[in-house]
Amino acid sequence: MTAVSLSSLNAATKAELVAALGDIYEHAPWVAEAVSARRPFASLAALHEAMIAAVRAAPAEQRLALIKGHPDLAGKTARAGTMTTDSIAEQASAGLDALSDKELADFHRLNDAYKSKFGIPFIVCVRRHTKDSILRQFGRRLENDAAAETDTSLAEIFHIAALRLDQRVEAPERLKVHGRLSTHVLDTHSGRPAEGVAVELIELSENGDPRMIARTRTNRDGRTDDPLIGGRPVPIGRYELRFTMADYYARAGAPLADPPFLDLIPVRFSVAEPEGHYHVPLLVTPWSYSTYRGS
Amino acid sequence: MTAVSLSSLNAATKAELVAALGDIYEHAPWVAEAVSARRPFASLAALHEAMIAAVRAAPAEQRLALIKGHPDLAGKTARAGTMTTDSIAEQASAGLDALSDKELADFHRLNDAYKSKFGIPFIVCVRRHTKDSILRQFGRRLENDAAAETDTSLAEIFHIAALRLDQRVEAPERLKVHGRLSTHVLDTHSGRPAEGVAVELIELSENGDPRMIARTRTNRDGRTDDPLIGGRPVPIGRYELRFTMADYYARAGAPLADPPFLDLIPVRFSVAEPEGHYHVPLLVTPWSYSTYRGS
Amino acid sequence: MTAVSLSSLNAATKAELVAALGDIYEHAPWVAEAVSARRPFASLAALHEAMIAAVRAAPAEQRLALIKGHPDLAGKTARAGTMTTDSIAEQASAGLDALSDKELADFHRLNDAYKSKFGIPFIVCVRRHTKDSILRQFGRRLENDAAAETDTSLAEIFHIAALRLDQRVEAPERLKVHGRLSTHVLDTHSGRPAEGVAVELIELSENGDPRMIARTRTNRDGRTDDPLIGGRPVPIGRYELRFTMADYYARAGAPLADPPFLDLIPVRFSVAEPEGHYHVPLLVTPWSYSTYRGS
Amino acid sequence: MTAVSLSSLNAATKAELVAALGDIYEHAPWVAEAVSARRPFASLAALHEAMIAAVRAAPAEQRLALIKGHPDLAGKTARAGTMTTDSIAEQASAGLDALSDKELADFHRLNDAYKSKFGIPFIVCVRRHTKDSILRQFGRRLENDAAAETDTSLAEIFHIAALRLDQRVEAPERLKVHGRLSTHVLDTHSGRPAEGVAVELIELSENGDPRMIARTRTNRDGRTDDPLIGGRPVPIGRYELRFTMADYYARAGAPLADPPFLDLIPVRFSVAEPEGHYHVPLLVTPWSYSTYRGS
C-alpha cells in the first residue's frame, strides 16, 4: 500500500478521500466521510483530530458498532480470513500470529471472559504492546466497569488510527506516534567509544520464549548505525540488552582475568511509554559498568 | 569428623598423628608419617609446607603412586563405593554427584582421553571450581605435555590437602584457603543503604541448568547478614546476582513508571581467584545502576 | 582532665559526684547535685537522661539562670579569661578563637542583636558546627520568638552536656554523640583498591579561608588508616575532598593523556547530621569517576 | 576581514591571491606566491598542504627568515604596535594581552632564554593553548636541541596557518582545526534530563586568576544550547565545570538534607587535544554523581 500526500487528500473528491482513508477506522468508512467537508487540513494532526471529533460526535450506537467491528485478538476472525490487512499486520507485530497452544488458550479464555462481561471485543493498539503487556492489560481491564471500557476502547482505537494515518499519509510534519530505543557503549577504561561491541536486544516474556529484536555491533562512535527500535512505537514490555564485552577488551589489549570478570553484560529494563525515547547506554571497564535511562 | 587442635597434634604420638592426618593426602599416610619428626609446628602453614616438602622429597615412583591413588572425577570409583569420605564430599560440592547423562558422558570421554594420554587420573581441586570450569580445565590440560601435567597434578593435590587441613585442624591462624563473595545495595535515590532487597546468587552453566547458590535479603546496612559465599573458596565459574528492586522502591514510595523501568537487575560476572574477595555492590536508583568489583 | 568511670561515680559520695560532674552544665553544679539520689545509673545514657530531667524539672528562673550563665560565642568573656576550660576548648574546635577582624565584628553584631532581642546569650553546641554553620544558625534563630529560643537553647545545652559526659565518664556503652567521615578509593580501571592516593579534607567557608582538616594517603585497601573525622561529631558545614589521581595512575603505568584528563579530583559536599556516618568514596579510572554518600 | 571563497581564489589573478593570502604566513607573502601556479585547489586542505609544501621546499635561509619574522609572545613587538592584526587577535585569545607584572616578567625571562639559546623567537599556535600550557611548553622546549626546535617552530607555524585559512577562506569542506567542549546533565533521580541547571566553565591557572569561559543553563534536553567551546580549538589547559544542583533539586521537589549533601559540583579536567571532542556529562542524584569523558 503506497502512501498518499496530505495535499492530494485535501484536493481529492469525497469518494477518493473515502477510498484512501475509509479503513483508518476498522470497517467504518463513515469517519472519513464525516471529515470530508472539514478540508483542507493544515496538518496530519489536524486531520487526525477531526476524525477523532467525528467519532465522538457520532450517535452512541454508531460508536458501539465501530467498537464491535474490531476483530478478536489472536482470534477466530484471523483464522477465518476476514480480518483487514492492517489488523493482520498489526497483530503479527506483537507476535500474536505465532502463539503457543497455551498462549492461544489464554487469549481465548480472556477474550471470552471480556466479551461475556462487556459484550464487545477486547481492543488494544497492539503496535504499542508486547504479548506480555497485552495479557497484563487484559487482566487489568477485566476489572473495569463498562463505561470505563468504552472510553478505553475508543482511546485504543484512536491510537490505532494515528498509526495507520502515519503509515498511509505523507505530510511535512509527522504525528508523534514513534518512540526510539537506542544505546551507546562508552569505554571508560580508555576514555573512548567502544567500537565493534556485539549488542543484542531481546524481548522477554513471562511464559513464552524470549524474542530477538535486534542484533548488531557498535560503530566508531560506540553507537549502533540505526536505533535498536525506531520509526515505530517502542512496545510496552520487558527487554534485555546484551553486550559482549570480553571480546572487545581482548581485542583492545586490556589485561583481563581468566575467565574475565565481565563478559556478557545483561541490562534488563521495561518500557512504559511507547512514544518515549529510551536511551540505555553502558559505561564500562573490565571491572565495572553503569547504565541508566538517558536522553 | 571433628577437628583436632594443632597443639594436640604437636603433642601426639606418631601413630596418633597418622591416624589424624593420614588421609590428608589420598591413600598416602606416608606423608603424615614423614613429617612426624619435624614437629612441633609453629603454625598450620608450617605443617602444610612440611607435608608439601615431604611429597617433593619422596621418590618419583611414590609421587606417581600418590597421583594414581586419586579417584576419577565423577567416575566409576564413586559408584563402586571405594572413594574416600573427603573425596565424596568434595565432588558433591561442585555438583559432580548429580550430573545429567550428557554431562556424565562428557566427563567419561574426557577422563578416558586424559588417562590414555597421560596414564594418570585427572586431578583437580574441585572445591575451587564449578562443573563448567572443571570441564574447561579438562580441555586445556589435555593440550599439556606429561611433565607439565605431573606438576599441575601435584599443585592440585596441594590445594586439596590445604583445604582438608583447614577443615581438620584447629589453629590460631588459618590457612589462606577461603575466598569471599559479598554484595551491598546502596540506594543513591535516597542516599541510604537499601534494606530488604531480595538478592539471589545463581551459578550459571554453559550446558546444564543454573544452580541457586544463595537467596537472601539485604539488612539495614544494605548488606547480607552472611557473605553470599564465605568460609570456603569461591569456585571459579560464572555467576549471576539478581536484585529485585521494584518492590523495594514501591515500598519506599519512590515514583515508578508502570511497568517500572528497572525491576529484576541481573549482574553477571566470573570468578577467577577462588581465594579472592569478590565484593560486587549495586548503586541504584529507579532509573540507573552501577556495579563493580569492589573490596 | 582524666575520665572517671561510671561505676566509681555510682559509688561516690555526693560531694565527689558534684566535684566530678559539677561543670557538665556550665556554672550549674545543682544539676549534678539533683541526680545524686537517682544513682546508681545503669548506663551513661541513663545518667544523661537524668540530668536532662533535672534541668526540665527545675524552676523556670533556675533554667533561665543556666542559660544566662553561658558565655558569648567568640565574645568578650573569652578574652576576659572567665570562660570555663570546656568552653574554651569547644570554641577553639570550630575556629572561633582565631577569627578575622571582619568575622569577629560579625559575631559581635549578631551577639548584640540576639541579646537585645532575647535577653540571653546565643548558645549553640559548637562541636557540632563549623564557623559558617554557626553564622547561619545565628541568622535563622534571630527570626524565632522567645519561647522557641528558650527551647532551642536548652536543646543545645543538652548536646553540649552529652559531649562533655562522653569525654569525662568512662562507661561500657558510649553515648551516640560521634559521627564519622570516611572515604575509599577504588580503581575500576584495574579492579582493585587504589593504594597511595593523596587525599585531603578541606573545610570550606563562605567568607573565610578554607581549613585543612586532614591530609593522608590511602592504604592497601584503598581506605585511610583512620577515618578523616572520627571519635567526635562531624561538624555541620561544607567540605571538599581532594584526591590526587594522576600520580597514582602514572605509578600504576596506566596510559595517560598529556596533561592527564583527570588529576586533582575535588568532591564537594555538605554535612547535615553531625552524628551520621558519611562515607564518600571515589570510583575512578583515568577517564571517569563516581562518588556518592555510601554507608 | 571578510572571508573569500575558495572558488574565487582559484579564479583570481596571482596578485589578488597574494593580496588575499599573503599574510597567512607571517610577513611571508612568498608562500602564497609559490602556490599560485598550483591552482585550482580541489579543497581547502589541498591549498593548506600546498602552502606547507612550499615552505618545506624553500631554501633553509628563507624558512629561517619566516621563523624569525614572528613576534615575541607577550612581547615588545606587541607594545611597539608592529604586530600583524592576526597575531594581535591570536595572542589576546589566550589572555596574553592582559598579563600580570609577574607573568609578564616570566614571559620575558623565558623569551630571552629561548632567543639566547636558539636565536629565534618562541613560536606557538596560541589559539590551541591556555596561558599555563604556553608556559609549560616554554619550559619543555628550552630542553630541546636546535634542530628539534626548528621542526617544532614550523609545526606550530603550520597550525597557525591552518587556523588563519579556516577563518579567511570559505570552502564546502572545512579544515579539521576545531574542537568541541560540551556537557549534559542527566537527573538519574527522576530519569530525565536536568533542565535549568546553572553551568559555568572556568579556565584554571597555576598562578593567575581563574577565567570564566562560559556561563549558561541547561535546556530541556539537559544540554547547553551551544557547546561550551565550539567553532575553534579547545585550548590545551586545565578547566573546571561547575554545576549548581541544589537549586535544581529544590525546584524539582526532591527531598534534600539541610544543607543539601550536594550543591555546587565541581568537575576538574584537562584538555590535551585541541581538535578533540570533549563531552563531559554529569549523571546526578541528590546523593551521588558520575562524570566521564564521553563522546
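Every chain is named by a letter (A, B, C and D) in the order it is written, and numbering of its residues begins at 1.
Note that in this section contacts are C-beta pairs under 8 Å (C-beta built on N, C-alpha and C of every residue); 3 or more make two chains touch, one makes a residue touch a chain.
On a predicted model such as this, the values are computed, not experimentally measured, just so you know.
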Interface with more contacting C-beta pairs, comparing B-D to A-B: A-B
Same-residue or different-residue interface between chain B and chain C, half as cut-off: same
Chain whose mean Cα position lies farthest from chain D: B
Inter-centroid spacing, chain D versus chain B (mean Cα positions, whole Å): 57
Rounded Å distance, chain A centre to chain B centre (Cα mean): 47
Shared-contact residues (touching 2 or more other chains) in chain D: 188, 191, 257, 261, 283, 287-288, 290, 292-293
Chain contact topology (line, ring, star, complete or other): complete
Chain A to chain C touching residues, read off their complex: 188-191, 255, 257, 261, 283, 285-288, 290
Partner chain B, residues of chain A touching it in the complex: 133, 236, 238, 257-266, 268-270, 272-273, 287-293
Residue ranges of chain B touching chain C (in the complex, touch as defined): 186, 188, 191-193, 221-222, 283, 290, 292-295
